Structures are given as structure tokens and as C-alpha cells.
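Each structure below is given as C-alpha cells.
In what comes next, subunit A is part of two complexes: it sits with subunit B in the first one and with subunit C in the second one.
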Partner chain A sequence: MRITQGCFSFLPDLTDEQISKQVQYCLANGWAVNIEFTDDPHPRNSFWEMWGLPMFDLRDAAGVLMELTECRKVYGNSYIRLSAFDSSHGWESVRLSFIVNRPKEEPGFRLERHEVEGRNIRYTTKSYAVDRPEGQRYGAS
Partner chain B sequence: MNTLTAVDSSGAAPPATLVDLRREFDEVGIGEVLDQLDRELIGLKPVKTRIREIASLLLIERIRKRMDLASGNPTLHMSFTGNPGTGKTTVALRIASILHKLGFVRRGQVVSVTRDELVGQYIGHTAPKTKEILKKAMGGVLFIDEAYYLHRPDNERDYGQEAIEILLQVMESQREDLVVILAGYGDRMDKFFGSNPGFRSRIAHHIDFPDYADDELLAISELMLGDMNYKFSADARAAFVRYIALRKTQPLFSNARSIRNALDRMRLRQANRLVADLDRVLSADDIMSLEASDVLASRVFSSGSGG
Partner chain C sequence: MNEHASITIRGKDRYKSGVMEYKKMGYWEPDYVPKDTDIIALFRVTPQDGVDPIEASAAVAGESSTATWTVVWTDRLTAAEKYRAKCFRVDPVPNSPGQYFAYIAYDLDLFENGSIANLSASIIGNVFGFKPLKALRLEDMRLPVAYVKTFQGPATGIVVERERMDKFGRPLLGATVKPKLGLSGRNYGRVVYEALKGGLDFTKDDENINSQPFMHWRERFLYCMEAVNKAQAASGEIKGTYLNVTAGTMEDMYERAEFAKQLGSVIIMIDLVIGYTAIQSMAKWARRNDMILHLHRAGHSTYTRQRNHGVSFRVIAKWMRLAGVDHIHAGTVVGKLEGDPATTRGYYDICREDYNPVQLEHGVFFEQNWASLNKVMPVASGGIHAGQMHQLLDHLGEDVILQFGGGTIGHPMGIQAGATANRVALEAMILARNEGRDYLHEGEEILAKAAMTCTPLKAALETWKNVTFNYESTDMPDYAPTPSVSL
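Up next, the complex of A and B:
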């Protein structure tokens, strides 16, 4: 099951050229672009690992693409996203975030039912991927 | 000749076949930058010739691209060698704007760095540091001043070598993303290239900056004064001609930079002279002009006569 979170996730995967244009848009707005990766696809997982520091003071998308290529070499079979941080007063938050890399196979989520008091049921979603320990969730790497 | 034109007419069938060179030249606006270079940079004949050549090549390359006669982007990495104060940094800024106007770099910013900004202080510090600078320079020009400090032959565990390797790799693989300009004093750069042959072969343009002649230094000083809204009186000008001749023979002479410093000291003396006489009404002319006494008070004259 293809996970959909962040911008553009209902579109086909962006090509490098398209990614580069989006990054250039972010840089033109003065946002700092950051690369993050994870192998826990749950939508409530807000703690993705950072690939290096956020890239401040860049002028051209080529710099971000260079780092992304490096990151893909190491974590090519995980989720990688780019997020653009706006440091201007009043915003000080992420303005744009989109997935740029996903594992070859995404096993999807199962629904778990908890039977609680009074025949009530609580639902929770759990990714099949996280049944295995971190680092082994999508085969090698 | 004949074969050339034949290739030209057949190869350029789908895209533009005829190009108005003058219009193309005006369109990119490099004429303006080159004129500015001529106007604001005094002397430096060989440098200007070389920049003109590069600009022409790039202009033709641009047209060739439109005609589908692609020959691959030319290598644009350069090395500037010359004594201190010969205008290497200034020219690097101009080169960046020429390259930007011709579309060979996308953004046209110049990131000027020295060893400190590229080389780290402990193991594992250098690579991220160098990469961060490279990322900032992407789409523009990376200007490495005194590049030979990157290589310390006396210490084989020096982290400079790591920075050099990363630089070389990016210079080769991302030639269309950034242009690297190395600058430094002639003899030391030769030694640097001697011990890093990879650099020498990846750099297409080696430009040597000559020292300025006396009259050029005088013209530079007048240009600088004009920018600061000062001027020489006739006597002061004559004294300054002598100053230049004397200063050149002394150690640590660094061309235009020495001239700039001398001018700053003269402004100091002029201000002091004006303030010494408080009961005076000053005209704009008084405030603007440097007198011979401001020049002659310099240490250069005393040490020159003393021995």
C-alpha cells in the first residue's frame, strides 16, 4: 500500500528534475531545506532521522540534490522526505514537505481492534513493516 | 572552409540556422560587463584579453547550442596567480557576473573561502565542512583564496588532503553546477599544482595577474579617491608619484592594496591637519583635497632618505 503523506503524495513519484524545481522554489522563498529518512511509515511518526543538518544559505537546488543522492545511496530502500523550513518571524515552521524516496515494497497497514470495557472497540493502525526491528524492515538496508 | 560551411548548413536544419551575432551579444549584456571591466580595472592587459576570449568562447558556445552543434559544456574552472593586491578577487566577481549573463552558471553568486572554511579541526570534520561550502556555492562560483594552504606537504596527516579530494570530485562530476576559481601567489601555486596534478589538469584557464606599473598605480589611486570624493592637489599628485616609486622598492609592497592603505592614512593626516586649525571656515574644496604635506608626512619618505 502506497503511503500518502506530505505534498504531492497522490501524484506519481517526482523525478529528480521535478524535485529540483520544487527545491528551487523553496530556496527562492528563503526556506531551508532538510533531508530526513525513516523506516517507520506510520503517519503519526513525526520523528524522522535527519540526514545531516538543515541546509541554510543555499542558492541552488544542485546542493540539495547532491545530498539527496548521497542519502539514497545509504537509505535507498527507506522513506526519504524533504522538508522546507521557513525561519521568518511569525512562521517559524515547516512550509512544505514531500516524500522523495520510498521502499520498493510497501506492505501497508493492518487494523487492530481492542475490545475495551462495555463491548466498546478501539481501533489502531499498525504497519506490517514495523513488526521487524529497525533497519531490517524493508529487506537489506 | 568549405567543409565547415557544409556541416554548418546541414547540421543546423531544425533549429536556428542564422544568428545575428550583434543582437546575441547585446541580448546577453556582456558588452556592458566587459566595458565596466575596462573602465574600472586599470592595467591588467593579459587578464582582460583572456576574459574577452573566454566571454567570446562562451557566447559562441551558447549559439552553437541553439544550432544543435553541442560540444559539451566547456570546462570553466580557473586559477588566478599573481602578487598580492593585483585584483584577483575583483576579477573573480566580474567573471561570475559574465558567466551568469551567458547562462553558464545559474545563480551567479560568489562564495569566497580560504583554508579555514574548508578544512576541519578533527577527524570527520572536514568532509561536512567542505560539502557545506560546496552546496552554498552550487549554481555560482567558488573562489578559494590562497589555495595552496589546502595542501601541507610537511604534515601527511593534514586534513587538507581530504578537502582537496572532495573538491576534485565535485569539480569533475558537477561541472555544470559550479565553477571553481583558485587564487594565490604565483610561485606557491606552481608548487601546489606540482604536488596535486589532479588540480592542474582539471583547470582549463590559468590566468597570471601582472604587477602594476607606476602610472597604473597612480590611475588606480585617483580612481579610488574619486570614489571616496577626494582629490589630489597638483603638488600632492607629484608627491604621490614619488611616493609610489619609493614604496615599490620597499618590502611588503602589495600593489593596489598598499595604495588603498596609503590613501587611508593620507585621509587621516588630512583630517588631522584640518582639525588642528579650528578657527577656519572650510570650503567643500578644502575638505576634498589632499595636500602635498599629507603625502610627504609618510614614513616611506623618511626611511627612503635615511637609508
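Up next, the complex of A and C:
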């Protein structure tokens, strides 16, 4: 299955040129772009690992693309996303976030149902990938 | 008509028994300068033939504050001058003979903290039935920061909603389950599942879906949450469905809201017709229970639509931001329901900005400082489809929920395909906008290109290519934009 988190997951995977244009849009708005990666894409996993700090004071998207290339060398078979942070008052959160790298295979999630009292059901979403220990998910990376 | 000086009768003569004109009783004070802490209301007054517009406006001030039809000596036991609302300006409405804009200031002490019920009981209480007026409309209000700060405001707010839903950088997508009435809980859940799995973020109960013979509310909640969780696992995305908890009593609403929480829903829904106090109660409940609160503005058109009488929707939007809802239906511009672009823009600004400047061309008459009160996510719903994506983005911006009910469920290839078409159209348009393209004018081209790799979008564009709703609006701003020249 294809995880559809992020802003552009319903489009064909973005090329580096397309990624660069999105980054440039973020920088032009004064947002700091952060690279994040994970092998646990659970929908409620808010905190993916950070590849360094958000790139404050950057002017040129090429800087982000260089870092992305480095990140892909190490975590090429994980999920990688770019997130842009807006520090302006009244927002102070993410403005844009999209996936820029995926593992070769995306096993997806299992929905567990725990039947409790009455007709109530407690639902738990489990990532098939996390059945394996950290670092060994999605094959050897 | 503001050249008039004050004609207020002062001292002992003011309190002689009998009837006295309102404009002489202290309700017309053209020299009054409103305090920063005053609430200011703008009314459109249509006096009966032969009634002096100043007297009619003063009467509105009087009847919405301390006055009654005759002089009463008991005024003298109070700080009456402070409590009298003061009409301080009356302007003829441009191009509308017989109508006047009356600006009226109210001292903050006239109102209870944090109560829309109290605010509205004064401002739109008895006065709307006052005989010397043919018609009366509350156009706008300036709410002082001192009053704004007595309200909770939106339970969640736009930023936290986005963080919780993990969705950034694009409008959210929704659909109202159709048909509105008659589906069983199981069939209803099917529509929810298909729409969410296909790519929507939210589905929605309709305003009149409560608990009817064809579907008890618990059935709906149970099947909907099965659908939400299944779609969430199938996509890896957070999904939600607005479970309408509107019911006959507060006790029933709390029971339904608690059940929604127990089932793990991220959002519940209420209708405007439950009343201001019930809305504020549900907003407090939502804040306590980490729940997003969706408001359907059911019933508002009965009093917002006609220009000469009622309450403008911009006032309702302000009240609802204070009352604490997270979502409010605020118009589509291009869809099937009332709303011209400029007026709708005014509503959206009221929902989403921290500060509203005066913008007469959008129908916004007052500066409004929201003092960091959470923002309300406007919802665009009713007669919109994927082929309008560029126009929707241009008119409504990024922080909005676009709800394609018919435009999802009526798709020739099925509900999932309908949802996918909308999502692909949206993402393609955001991508193009961010790339700096003139997406409004190249919109059709951008959609056509996205449709090359997305058959559902192609089908949607073909099915609805000529559908538009071009009718003249009944409610529009009175002031046209005037180009300003800097010298």
C-alpha cells in the first residue's frame, strides 16, 4: 500500500526538481525546512527522527537538496519527509509537509479490533513494519 | 446628517413624567467618542415613512439598552448616562433610499462576561420588532479586547487541528454523506469508508441527521468509527467523521458526545439551531475532551440573507468565534448557496485572522482585534466539484475545508474514485501554486495534466465540466472599492 500522509502523496513521486521548487517556496516565505525520517510511519507517530536541525537562515533550496541526498544515502529505504516551520506569531507550527522518499515496499497497517462491552470495539492500528526491530524494518538498509 | 449637535435634555426636565423623543433622552450623542472598551454595533435602520432617521436610530439605541416607551423616575437611582447606549453617527446607505447606517456604542458593563446569550439578548432583543421601524438589520459589531478575553474561543483552533490531523499546506477535504436521510447505520458507514479511503480527510453528518427511525444515533456512531479506523489503517493517515450530536436536550447531547469520545472520534458536530448557550456548553466540553467541534449553520439564512432585516452572517461568525466552535460553514462563492465573493471574503477573514482592518468593500465596518483567540476553520460546502479547484483555492485560500458531497458520492466510477479525483485535483493545484504558476488562469490546464495519470479525475472533469451556479446575490457589500491615490 502507499501511505498517503503529507501534502503530495496522491501525485506521482516528486522529482528532485519538483522538490526543489517546493523548498524554494518555503524559503521565500521565511520558513525553515527540516528533513525527517522514520521506519515507523504510524499515522500518530508525530516525531520522526530529525536529520540535523531545521535549516534556519537558508536562502537557496540547493542546500536542502544536498542534505536530502546525504540522508537518502543512509536512510534510502525509509520514509523521509520535508517539513517547513513558520515561526510567525499565531502559527508557530508546520506550514507544509510532504514525503520525499519511501521504502521499496510499503507493507502498511493492520487494524486490530478488541471487542469490549456491548457492541463497542477498541481499534488499534499496527504497522506491519514494526513487527521487526528498529533498523531491520524494510529489509537491510 | 452628523452636523446635528446633541439635543439631549439634561437635569430635572429629563425626568418629567410622560413620553419624550429618544433623541432627546440621551440616546443620540453625535459628539460621543466611543471608548476602547465599548461594544459598537452597526445597524441598518429602515424607519417607517415620516419617521426621522435620527429619532429611529436613537430609538434603536434606547430599546437595545435602558429605555422603555416612557420616562421612568427609577433611572435616577442609577448611573443612567453610563448605561444608555449612544447612537453617535447616522449615515444614509449608499444607493438605498430610506435606509440608514446607525452606529451605536454600548458600555461594557451592560454585558455579562463570556455570554453570547446575554450579548444577543440586548443587541437583537426586543428592538427588532419595534413598530416605528419597517426593518432593522445588525450589520457588524466591534468587540473590544476586554470582552473578547472573557470568552474561551475555539476549542481547538486551526493550528492545533492541523497538528492533530497531521495535515499541512493544503485545504482539508470533506464530504457530506448522501442521501441525507434514509440510510441505515451500516449503509451509512459504507459511504464514510469509501470516501475516506479514497482520499478525503473528513466525512460529515448532515444537519438533520440526528436519531431517526431509519438510523438510531448509536448505530451511526458505531459503523462510522469502524469506517474511520479501517480507512485510517488503509491509508496511514488520520481520518475523521463529524458525528452530529445535536439532540433535543443538553443531556442527550452530552451522552452522544461522550459516546463519540469513547469510540475514539477526533471530531463531533452541532447545529446552529441548538442555540448560543448550548453551543458554548459544547465548546467547553470539546476543549475538556480534546475534540474538534464542527458547527453547521443550519437555519441562519432565515435571518442573514435579506439585506434589510435580520442579522448579517459576519456578526454570527464573530459570535461563533467567541462561542468556541472550530469549524463553521461560511460559503463557497462558486457553489449552490448564497454568497458573493467580497462578502464571503469578509466572513473568512473574521474566522481566520488575528486582526481585521476596516474593509467596507468586504462588508467589514470595524477594526477587530481578536487578541490571539484561536482561529476558526471555515467550511465551503454545497455544489462544488473538482473542476473548480483553482477558483476555490483563489477565493478561499489554504485554511479551509472543501466539502464535496455530491462531487464525491455522485462520481460515475464510485465514491472512492470521487474522493481520489478531488484529492488529486487539490494536490496538483497546490503543487502548481507553490511552484509560482498562475494557477487561476492555468487551472484547467493543470487539472487536465493531473487527469492524464488519474482516470477518476478525468471522469469527474467530464461529468461536471459545465456545472456552475451563477445567480445574483441578495446580500452584497454596500460600498464598492475606491482606488486610493497616493500623492
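Definition applied: the second predicted complex is superposed on the first by the 140 of 141 C-alpha atoms of A that agree within 3 Å, B and C clash if a C-alpha of one lies under 4 Å from a C-alpha of the other, contacts with A are read in each partner's own complex, and residues count from 1 in each chain.
In the analysis below, a residue touches a chain if its C-beta (ideal position, glycine included) is under 8 Å from a C-beta of that chain, and two chains touch if they have at least 3 such contacts.
No experiment lies behind these values; they were computed from the predicted model shown.
Participant: After aligning the two structures on subunit A, examine subunit B and subunit C and state clash or fit.
Facilitator: Overlaying the two complexes on subunit A (C-alpha atoms) leaves subunit C and subunit B fitting together cleanly.
Participant: Who does A:E92 touch here: subunit B (first), subunit C (second), both, or neither?
Facilitator: second
Participant: Determine, under the contact definition given at the top, whether A:P12 touches first (subunit B), second (subunit C), both, or neither.
Facilitator: After superposition on chain A, A:P12 lies in contact with subunit C alone.
Participant: If you stack the two complexes on chain A, which partner ends up touching A:G52: first (subunit B), second (subunit C), both, or neither?
Facilitator: Once the two structures are laid over each other on A, A:G52 reaches subunit B alone.
Participant: Determine, under the contact definition given at the top, whether A:P133 touches first (subunit B), second (subunit C), both, or neither.
Facilitator: Touch partners of A:P133: none, neither subunit B nor subunit C.
Participant: For the superposed three-chain arrangement, provide the angle subunit B-subunit A-subunit C between C-alpha centres, rounded in steps of 10 degrees.
Facilitator: Result: 100 degrees at the vertex subunit A.
Participant: In the overlaid three-chain picture, which partner chain does A:A62 touch, first (subunit B) or second (subunit C), both, or neither?
Facilitator: first
Participant: If you tally the residues of subunit A touched by each partner, is the higher count for subunit B or for subunit C?
Facilitator: Counted on subunit A, the partner with more touching residues turns out to be C.
Participant: State the minimum pairwise Cα distance, in Å, between subunit B and subunit C in the overlaid complexes.
Facilitator: It is 16 Å, taken between the nearest C-alpha atoms.
Participant: Can you name the residues of subunit C that touch subunit A in the complex?
Facilitator: Of all residues in subunit C, those touching subunit A are 159, 162-163, 166, 168-170, 199, 222, 225-226, 229-230, 232-238, 262-264, 354, 372, 375, 420, 423-424, 427-428, 430-431, 434-436, 450, 453.
Participant: Looking at the complex, which residues from subunit A come into contact with subunit B?
Facilitator: Interface residues on the subunit A side: 52, 55, 57-64, 66-67.
Participant: Please give the residue numbers of subunit A that touch subunit C in the complex, ascending.
Facilitator: Per the stated touch rule, the residues are 1, 3-5, 7-12, 14, 18, 21-22, 25, 41-44, 46, 83-84, 89-98, 108-111, 119-123, 125.
Participant: If you look only at subunit B, which of its residues touch subunit A in the complex?
Facilitator: The contact residues of subunit B facing subunit A are 106-107, 109, 128, 131-132, 134-136, 138-140, 170, 174, 177-178.
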